[in-house]
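Across the two complexes that follow, subunit A remains constant while its partner is subunit B and subsequently subunit C.
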Partner chain A sequence: MSETQTSIPIGKLLRAENSRFVAGCRVRELETPALGALVKVKLEDQSEIYGLITRILINDDSLVRQLVSGVSIPTEYTADNRYNRNLPVEIHVLTVGYTQNGHISHRLPPRPPLSLDVLHLCNSDELCHFTSLNEQAYLRHILRLLDQPVEELLAAHLRQAKAAHDAANDVNWYSLACQKLITLLRDDYQRLTSVLDVLTDLERE
Partner chain B sequence: MPLNYASVDNNASHYAEEAQNWLIECKNIAGQLNSLYDEAVSDPEHLRQIIEEAQKRKSSLYLAKPLQEDPLQSFCAPSLPQNYTLLSADGSQIVPNRHRALQFGLINIGLLTVSFGSGQPPEIKLVSELLEHKEIIDEDGNLASEDDIALVRDLRERTLIRDQITPQFTRPILTVTDGPLDIFYRSDIQDKKRAQSAQRDVYLLDQQLQQQGILSAGYIDKPGSSMLHNMLEIYKEVGFEPKREPEKRRISDRLLLGNRIKPGERSAVFEIISKHRGDVVDRLRVAFFYLNVSTVPDYPWLARVEIPYWISEQPELVGLIHAILFADAQVLDSHPYPYSLHRAHELAVVKQAEYEEIENLLLAKFPEGSEITGYRSNKDFLKGLK
Partner chain C sequence: MEDQTLSTQNPTIGYVISGGLEANLDVRLTVPPQEVQEGAFVVIDSNNWRFYGLVTDLRLTAIDEQYANQLNSQRFAPHLAEYLNKQTLFTDLAVMPVLMKDNGPEVDSPEYATWRHEHTDDPAPMPVKTIPNHHAPVKLADQTDIADIFGEENNKDIFRVGSTREQGHPVCLNLDKFVQRSSGIFGTTGSGKSFLARMILAGLIHADHASTLIFDMHNEYGPDTTSSDTGNSVFGLKGKFTNKVRLVGLGAGTKFGNMPSDFNLEISHSDITTEDVLQLTQILNLKETSATTLDKLENDFHDNWFNAFMQMNVGGVVENEDGKMEPAPDSVAFWARQAGIHPGAAEALRSKLGRLFNRPYLIDAPASNGLKAIITALQDKRHVVLSFGKYDSELDYLLVTNLITRKIRDAWEQSTEDFHSGRSKTEPRPLVVVVEEAHKLLNREMASQTIFSTIAREMRKYYVTLLIIDQRPSQIYDEVMSQLGTRISGSLGDEDDINAVLSGLPGRGGLRGMLSKLQPKEEVLMLGWGVPMPIPIRSRRYDQQFWIDLFGNEQKTKTKEGILKALGMDDDSD
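Let's turn to the complex of A and B:
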């Protein structure tokens, strides 16, 4: 199966810096992306920047605020605001690596993607490939986040990645990822406890 | 400092006092007119005869004429049909400006088609039309005015909304535009023949709509007209001896009817009697009612809804338009105004940045150094400094 058949375009870039970027998409395109999903942006020089979805933001405006206070809104007008009006859903992405000349790195890319570059959702093969390399070094980017519920993001990402690896008969991946997290958080007992708590919760599913 | 606030503030209290006194006087006159209204409309047939006499005698008139319904009553909306189609159109324009590097005119029409009962989002359409050069500069070199361009826009709104309708649309079908239903005969329009031709076109369009059973309405928010007061002045002219001096100040219909129409209800239907020199023969005959779109008893908010005369002869169709527009206005219930018209406006409005982009697009089509493009006026350039 070729990449173009499986990578799903989910939005276009609004703004970016090396460590994070924001894409916009319409509500109709919102069915596919989810918190913690691995996404990528292909640059003009054929290199690719990878990231994890850290936040999905539904914007408002003064008309929506008016409608919210209304007694009843016809279904057709709810649909008008969701699908017709020019209010993009914002997808916030944490940069976790990039490829150049076919080589995947878990470091930050030399330059950020550009506005209007297309954001794609990675397929299972890409997810397995990216998350197996470099001893899951990309996880350090998640742990650096300060303004996010890191544990929830980890749980969402690990759940998706574990399912992909399990389906590919790579049953050790999840325990390796847990060990990596324990190593990275060995000096932060409080955070390690809350991460282990969420991992326990994940294993109960 | 953009304004000398201290200077404005010195006169602000005096201004507020004058405005307040003016409103009190208006309310006093409205109070007197209220009893005259009760008297005049208590015999609608007699009042109609007086108005018809005046139509023969006078060369210029703009007043309300009662029709079949009792003008002393207000009317509830019937229930809404489950399925119907509502089409709304609104437009904006770029008026040629001699201070810019290039003079051009553009109209931008937003159209919203809602199929209620379908659950589907409305269809939206945006039509942007660059006006031809001959439409913005006449043979004498005069630039088209704001009113000239508005006339073109108003006519396009009506033709485009008509063109949108397909046999697949769920009936009943209502088309709504913002403002008077007939094309307003603005005094500043330079090409009078064109204005008359546009009025004739609107008349013909309505005939087509009538044949197909498609309803249309014009919605006027916060109307300022005094058609009822004018009607009472005509009544006074005939019915009182000795003759009374006509009231110089005109009291708006809104002020006169504000407390007579309960929330969600409408007034009786009246016909607009509009007569001016040079009126075309084939002109749309328009009726109207006032609709209280407020839901709060102490704060009436009247909008005027204009409908073709043929609709006024069918009370069930008047009720249908009443119900549809009231429901649509309630979507934005803190500031009731039809949602569909607001959206059509939102689609159509042209911002300054877009004006400049269109201007640059046009300028790029001219060869370098073309004399026609010239420069912006120095005044316009300096106005743009930030």
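Let's turn to the complex of A and C:
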């Protein structure tokens, strides 16, 4: 991995379970993470847990509710509330795999990461490597989300991953991923056609 | 056991997904449907067993009908639509399993020795009694598979009749088995059945395991002719098997173009029995009383009854001593009165038999005994093509075929009895009687009267079988059709004809569609007892190459004869 390809820390863990976890960050740190991005948490035993960002949540508090209900808000108040508040931005992550002894698996980790573990944004090399393995089995984790617009999440993730793979001259990756999604979803006509509609839109952009 | 370790060389075309013995096997196709046709011969390997089956239907299916109901290529990006179609839209084959074979464990496996000890005979295909596993791979049969089932061409009794439609592998017919039971060649006009019949007859004559008697109603089989479709010359059997084939013309003066007949058949009046006449009841419109009259004639005149009856006149009267008119002594009425028959009935019969009395080939004392010559030739391992020449009416055909065949039945029954009783050490020569326009002889009304239904039913044990050539199998009596061992059919359009060809066979539903879709002049369906499993084939061409292939090395060894023949000094080409 080149120096310019270093993983970028984007937050620290708030809470976690095996299948998903939530990290917090400051608004100033929010420029980097994006919906569908591949992230990882490095554990004390040097193993890593991978996930996809499924949701970025900005919670309210009593102060912001007072401000919102005011007639006008001075600019400095808005900036202060956004950048200096003590409430973190929540980054919700869907666990999609882990490493152990250098081996990447697309199954769920035996244990979740711990609070205050650092969340990193994976670089292009890591993204290409992780998404190429195991016949893209990790995509099945996305499809089990029920409280999310899965089509949009898939489109966001595939767009980023396709760009990384195209840049690495792996032009087949996207086709294989599309075929994998069709295999996983072909018994659910409504869901699959929705996903393909989104992917078609993505390709026509 | 050469094929023990040899798996079919062809690639997998699909896998078994469901089905059963009764309902056929469903096979999901993994190649484009255009690579497989209805009637394709496929093999399915499952554990140690190899199953042989026939594709009887192809169906478009979908994992969900909604995928099929919309045009995916219009809704989605082209490559997404392509992937989607590939994974959700399928073609399923209906495969009728017919045979199976226990190939045993792999030769190099520890179990092989035990299995081989228990199975000392080489494995042979047997009728299917079980089914392959789910997901067993399905392949198109390769040349070895087809040879395993249909035999390997040896230019003698294992005779190539065509090739598979997909890959052109040779498909053979076991002529020995073919002649063991009566057989049929069917097809509409223009379906190529005459060429097919010529080809199989050439194979039979070449193999020389049975004699053939061909009733050649349309002068197609003996002499060389010209194809009505292409205008090309078509070789006859006489020209190619000069010494083996006797060309016989009915009546004096019957010719075959430039080719002379070996002899002409004239039938003595004394050879005609009342049974022969009764078999013409329908065509001569004989009354119920005719049987009694004929019986009396035979009683009174014995073998000479036909001639005696012919000599009687109708209506002749003389004046008696009392001055009254009474029947003349040479009149029918005079004889009838003496015989106790109603004169009117006898005169009516005499009048109706007038059509026979004036047949020029029926004469009182022929110069030679043509009937005996035919039987002798057949017993002497020759083949006879009887051409009807200008006597091609239905009456001629029915009379002559019945009469000759009755003589044959008598001769072969006698030979068989002599052989079985030990009076003769020579086994009777198997004989195939070839009947064209068979429905005229074997329709529901005639079958009970003609000798042919007896042959189809019973003569197998007397070494005589029929080869029926017909375009309307539905007109042939069911009981005769059900006796046909091997059936080879070109395309048939009529539903009744298709049902008739398939009568008494398993898996009729799947074969029915196949028969109606055969390509005229090109394809035929072989089925029945004489072939291990039904199979549609592209029939072998009856052309110059056919004869080169048939004679092959034999002609090379006859260089001298060939040269002599070319010089017109010898005509022996068989």
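Note that the second predicted complex is superposed on the first by the 200 of 205 C-alpha atoms of A that agree within 3 Å, B and C clash if a C-alpha of one lies under 4 Å from a C-alpha of the other, contacts with A are read in each partner's own complex, and residues count from 1 in each chain.
Rule of thumb we're sticking to: a residue touches a chain if its C-beta (ideal position, glycine included) is under 8 Å from a C-beta of that chain, and two chains touch if they have at least 3 such contacts.
Remember, predicted model here, so these are calculated numbers, not experimental data.
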Joint occupancy of subunit A by subunit B and subunit C, clash or fit: fit
Partner chain(s) touched by A:Asn169 [first = subunit B, second = subunit C, both, neither]: neither
First (subunit B), second (subunit C), both or neither touched by A:Tyr189: second
Partner chain(s) touched by A:Asn101 [first = subunit B, second = subunit C, both, neither]: neither
Which superposed partner A:Cys178 touches (first subunit B, second subunit C, both, neither): second
Which superposed partner A:Ala79 touches (first subunit B, second subunit C, both, neither): first
Touched partner set for A:Gln66, first subunit B, second subunit C, both or neither: first
Which of subunit B and subunit C A:Asp197 touches, first, second, both or neither: second
Per-pair minimum CA distance [subunit C against subunit B, superposed on A] in Å: 47
Intersection of subunit A interface sets (partners subunit B, subunit C): none
Residue ranges of subunit C in contact with subunit A within the complex: 63-64, 66-67, 75-77, 79-80, 83-84, 87-88
Subunit A residues touching subunit B - in the complex, by the definition given at the top: 63, 66-67, 69-77, 79-80, 82-84
Subunit C partner contacts - residues on subunit A that touch it in the complex: 175, 178-179, 182-183, 186-187, 189, 192-193, 196-197, 199-200, 203-204
Residues of subunit B touching subunit A in the complex: 112, 114-116, 118-122, 124, 330-335, 339, 342-343, 346
